[in-house]
Amino acid sequence: MPETLKIRVLVRPKEGILDPQGEAVRGALPALGFEGVRTVHIGRLIEMEVESADEVDAMCRRLLSNPTIEEYEWEVVS
Amino acid sequence: MPETLKIRVLVRPKEGILDPQGEAVRGALPALGFEGVRTVHIGRLIEMEVESADEVDAMCRRLLSNPTIEEYEWEVVS
Amino acid sequence: MRIGVTVFPGSNCDRDALYAIERMGEEPVELWHAEADLKGVDAVIVPGGFSYGDYLRPGAIARFANVMGPLEDFGREGGPILGVCNGFQVLCEAHLLPGALLQNRHMRFVCDRVRVRVETANTPWTAGFEGGEGLTLPVAHNEGNYFAAGETLARLEDEGRVVFRYLDNPNGSVNDIAGVCNEGRNVVGIMPHPERVSDPALGSDEGLKILRSVMVGAGV
Amino acid sequence: MGREPNYLELSLFSVMWSEHCGYKNSRPLLRRFPNEGSRVLQGPGENAGVVEVGDGWALAFKMESHNHPSAVEPYEGAATGVGGIIRDILAMGARPVALLDSLRFGPLDEERNRYLFREVVRGIGGYGNAVGVPTVGGEVEFSAAYSGNPLVNAMCVGLIRVEDLMRSRATGEGNAVVLLGSKTGRDGIHGATFASDELTEESESKRSNVQVGDPFAEKMLIECCLELLKRDLLVSLQDLGAAGITSSASEMAASGGVGIDIEVEKVPRRETGMEPWEVMISESQERMLAVVEPEKVDEALAVAERYGIGGTVVGRVAGHGDLRVIENSEVVGTVSADHLADAPIYEREVVRPAYLDEVQNFDPEEIPQPEDYNEVLLEMLSHPNLRSRRSIYNQYDHQVGTDTVVLPGADAAVMRIKGTKRGFAVTTDGRGRHCFLDPRGGGAATVAEAYRNLSCVGAEPVAVTDCLNFGSPEKPDGYYQLAECIEGMSEACEAFGTPVVSGNVSLFNETDRGPIYPTPTVGMVGVFEDVGRHATPGFKREGDMVVAIGAGTPVSLAGSEYLEIIHGRVLGRPPGPYLDAERETSDLVCRLIRDGIVDTAHDISGGGEVVAVAEMALAGGLGMEYVEGGFGRKVAGQGAGRADVALFGEEPGAFLVTVPWERWAGLQDALGGSVGYDQIGTVGGDSVKIPGYIDVTLSELREAYEQDLFGIPGEVVGGSEAVG
């Protein structure tokens, strides 16, 4: 079996796109006694084991994120 | 205004927990023309600006993750 | 008239759409996701449901299914396509329609009946209406909050491509948008479910008028 | 078995003989339930009960609890509860067409209870909506008795042609045993039950045994199994529930009088290093076990592939009567299937608890009468136990399938059967407080309430499924409550002609705060010959006469919502049951609807007559004005005396219906007999008016009634729900 690479992809809402989950979490924090949190944004974490990293960027662009509303970054973790 | 720290939290299903999203994506990839992907796991990315990192761990435990089925890690990004 | 209904893994309003077409007296044709074949249909409905569980993002995976190739060609060549709910999400993901459907602003799934206005009769799926008519239609979705970036939105409005607008917005959609069409006006996406109100036995058949409109355009 | 069992065999026994699978505390009591009737095609003992509707159609239905998993992880606990009950229906060969949820939580002023409530509702919606089965009804109540021990009971109804009924009976030596659906992981295997030296404390905290639902996999499993049945490829079908392959295989073997060999290494796994016993008892979700004739195996596996789900031959039907576990050709465990499926039984003495005398000792004279009846009505309507459930059921897709004729919010859901004029109605009901105050009476009242709810949509009630949620049967109070509730339910089922055809038991519902209220919940199904002839509670026409119909049974504050909400007391012994009179009244209302005389009906239930009127007014968007002296049912002299008793008191067996003037004569002809009735007022205007007592506008009523159940001001979110 070929060696595999561990890839980590982070997908987040583009700036200016509504992020109701992030809003809700930020709003809930003070009541829990957590002060001093300015912003919260919630996105997706995708971790994969792949045989080659060649297609990772295409996957991110075409499948794992929706460019209309999201941006992504990825890296090889190990 | 005090300086803020950028925090990144990654939340993923605990070991042994079914990850239906990851399974479904992995299962669909070959048909979409993406070969060579062995495993896919999907979790949450949370990015925050905070005034201090003191309480980040407590926040992860109490609000940002569900400790029954999820694990988390966090770091100061900048 | 032969009207196709795509069936993706996880579609769950496919049978309802097929049934509504049958009630119209037309011929329903099932279009299985794995087959790259539209079987010569005259129009296509991409039904609601949870294709691939809505995992990752609603419509994100379905958009790559084999049936989508010929469907995209059909759409580009002017064939009438109606995407309902998850079908709307699939068509946006496939770039047959502009914009995206975000999570409902209140972050809850919403199943309800809402008032909607038909904004234009100039699409194959609204040809049977006068513009401005009101309808009561069921909604059932978690990601129905329509979003399009500034210029795209402005163009949609300028070109009269907002096809349906909510009178009581259930999800936070920009400009109360409930449905839009493509530049060619033949591809329409709508969040509410016309097929759920196509039978007087369930209290209303207001939705049939949308499904029947496609026959007006086809000169049937 | 003649020798010491090995570790694997012990673990099989241990799970199979747990209360959940073996019913060792409840089985003797359950025999009391009547379960025969002319429409019954399948009584208890199968995956679900089945009744005949007509025109060749039948309904399979069952209710099941997922209380404990939901207390630990509410979203997934509720979701997998829905998934599990759907597979029970599927195992009968039926297409699941309706879901209902019967829920209990502690009061919403506690954060943990709010969290459990919100997540359970999200979980039910998350699963049911995606799997494409409409959630058409249910019920919910809040009481301190359920704090920390929520009840999550899910019911599913499936539709099937009579000739297509499937049974979970393995037959035919040499037939293949096929595992369908998701891969097997360590889900639901509790390190605590099976001390295993491999698992260190650290690895325990890093991993989780909680089951996570995959509605997408379930949807594909449903379509796959229905296709297999349509193509006649199955000998037998069984869902995998508690105790996984062990329980399914041994039940299939025992009921077919055969044995089954499982080749454990063939079971597809999600995790590495699983031991045979782990594979055998894993509770991984979204799996089914099928028996297939050898020559049909290839076609069956091809169907599974078309639907993108796993399909693997994991064993054979054998001539011996054992469940044998084989790993790489070596037998690693053998137990007699009969033996496994036949857990030992405990019978206990039934002793009346002392608390009953205390709580039943109630003097209504101690209760002060209200000064402002408007305020009381508004306070009652805004209480979580009486408030509109819209904020719950609007999170459930209740229309997918386009068969829902009467949507949630009525007394029962009404469903049609496409291609026929027929239909069915379904409701779930439970009366925990009443069962606590009087277990036998409460058990009967639970069944009677369901019967009324079906009657007032116009359906003919036919059969019952139930879920017995109780505290510990090992304590005398708990055992008494269980035995007495069953007795009361049985008496009512006999009187009403509605046999119990399926059910489920959930015992040991206790926390350090004590046991829950004894809460048997009932799911009842009724049928229509003409589903077009149904009624709903909402007022429909200005000028309709509002008529109260009753059996002349007493109205009382004992155990009422009014007593608890307004006066903070849970006391008294609610009147009844009066089973014959209740049946007569209910049947009469049903007949009025079937004959087309009445299209608006509602039973008088929690909150009493005025709450019922307010609900009818709000549902229809029309007010009502009482005739002078009409308040408080005069029906057979009830409600005389105190106004609060008349207005807010509860009673078994009373209804409100409306008719236009032109049908008044028809109504009177039909009523006559021993059932009492009175015209109490007229539909119209935009307020509810009872001269001398109540005058509230619809918008005031709506403001109280339509508050969001989840929108508690200043609430705090916990866990992952805000993010997940």
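Chains: A, B, C and D, in written order; residue numbering restarts at 1 for each.
Please note the rule applied: contacts are C-beta pairs under 8 Å (C-beta built on N, C-alpha and C of every residue); 3 or more make two chains touch, one makes a residue touch a chain.
Just so it is clear, the structure is predicted and the values come from calculations on it, not from any experiment.
Counted by C-beta pairs in contact, the busier of B-C and C-D is C-D. Of all chains, A has its CA centroid at the greatest distance from the CA centroid of subunit D. Averaging Cα coordinates per chain places subunit A and subunit B 8 Å apart. One simple way to say how far apart two chains are is to compare their mean CA positions; for subunit B and subunit C this gives 33 Å. Subunit A and subunit D have Cα centroids separated by 40 Å.
Centre to centre, using the average C-alpha position, subunit C and subunit D are separated by 35 Å.
Counting partner chains per residue, subunit D shows two or more touched chains at residues 214, 216-217, 308, 717-718, 722-723. Subunit A has residues 21, 24-25, 28, 32, 42, 44, 63 in contact with two or more other chains. Contact of a single residue of subunit C with at least two other chains is seen at positions 34, 52-53, 55-56, 61, 64. Across the complex, subunit D meets subunit B through its residues 72-73, 76, 182, 185-187, 206-214, 216-217, 270-271, 284-285, 308, 717-720, 722-724. By the touch criterion stated above, subunit C contacts subunit D in their complex at residues 9-10, 12-13, 15-16, 19-20, 34, 48-50, 52-55, 108-112, 138, 140, 142, 193, 195-196, 198-199, 201-203. For subunit D in complex with subunit C, the residues that touch the partner chain are 125-126, 129-132, 214-217, 219-220, 306-308, 393-405, 416, 418, 531-532. Residue ranges of subunit B in contact with subunit C, taken from their complex: 20-21, 24-25, 28, 31-33, 42. Chain contact summary for the complex, subunit B toward subunit D: residues 11, 13-20, 23-24, 27, 44, 46, 62-66, 68-71.
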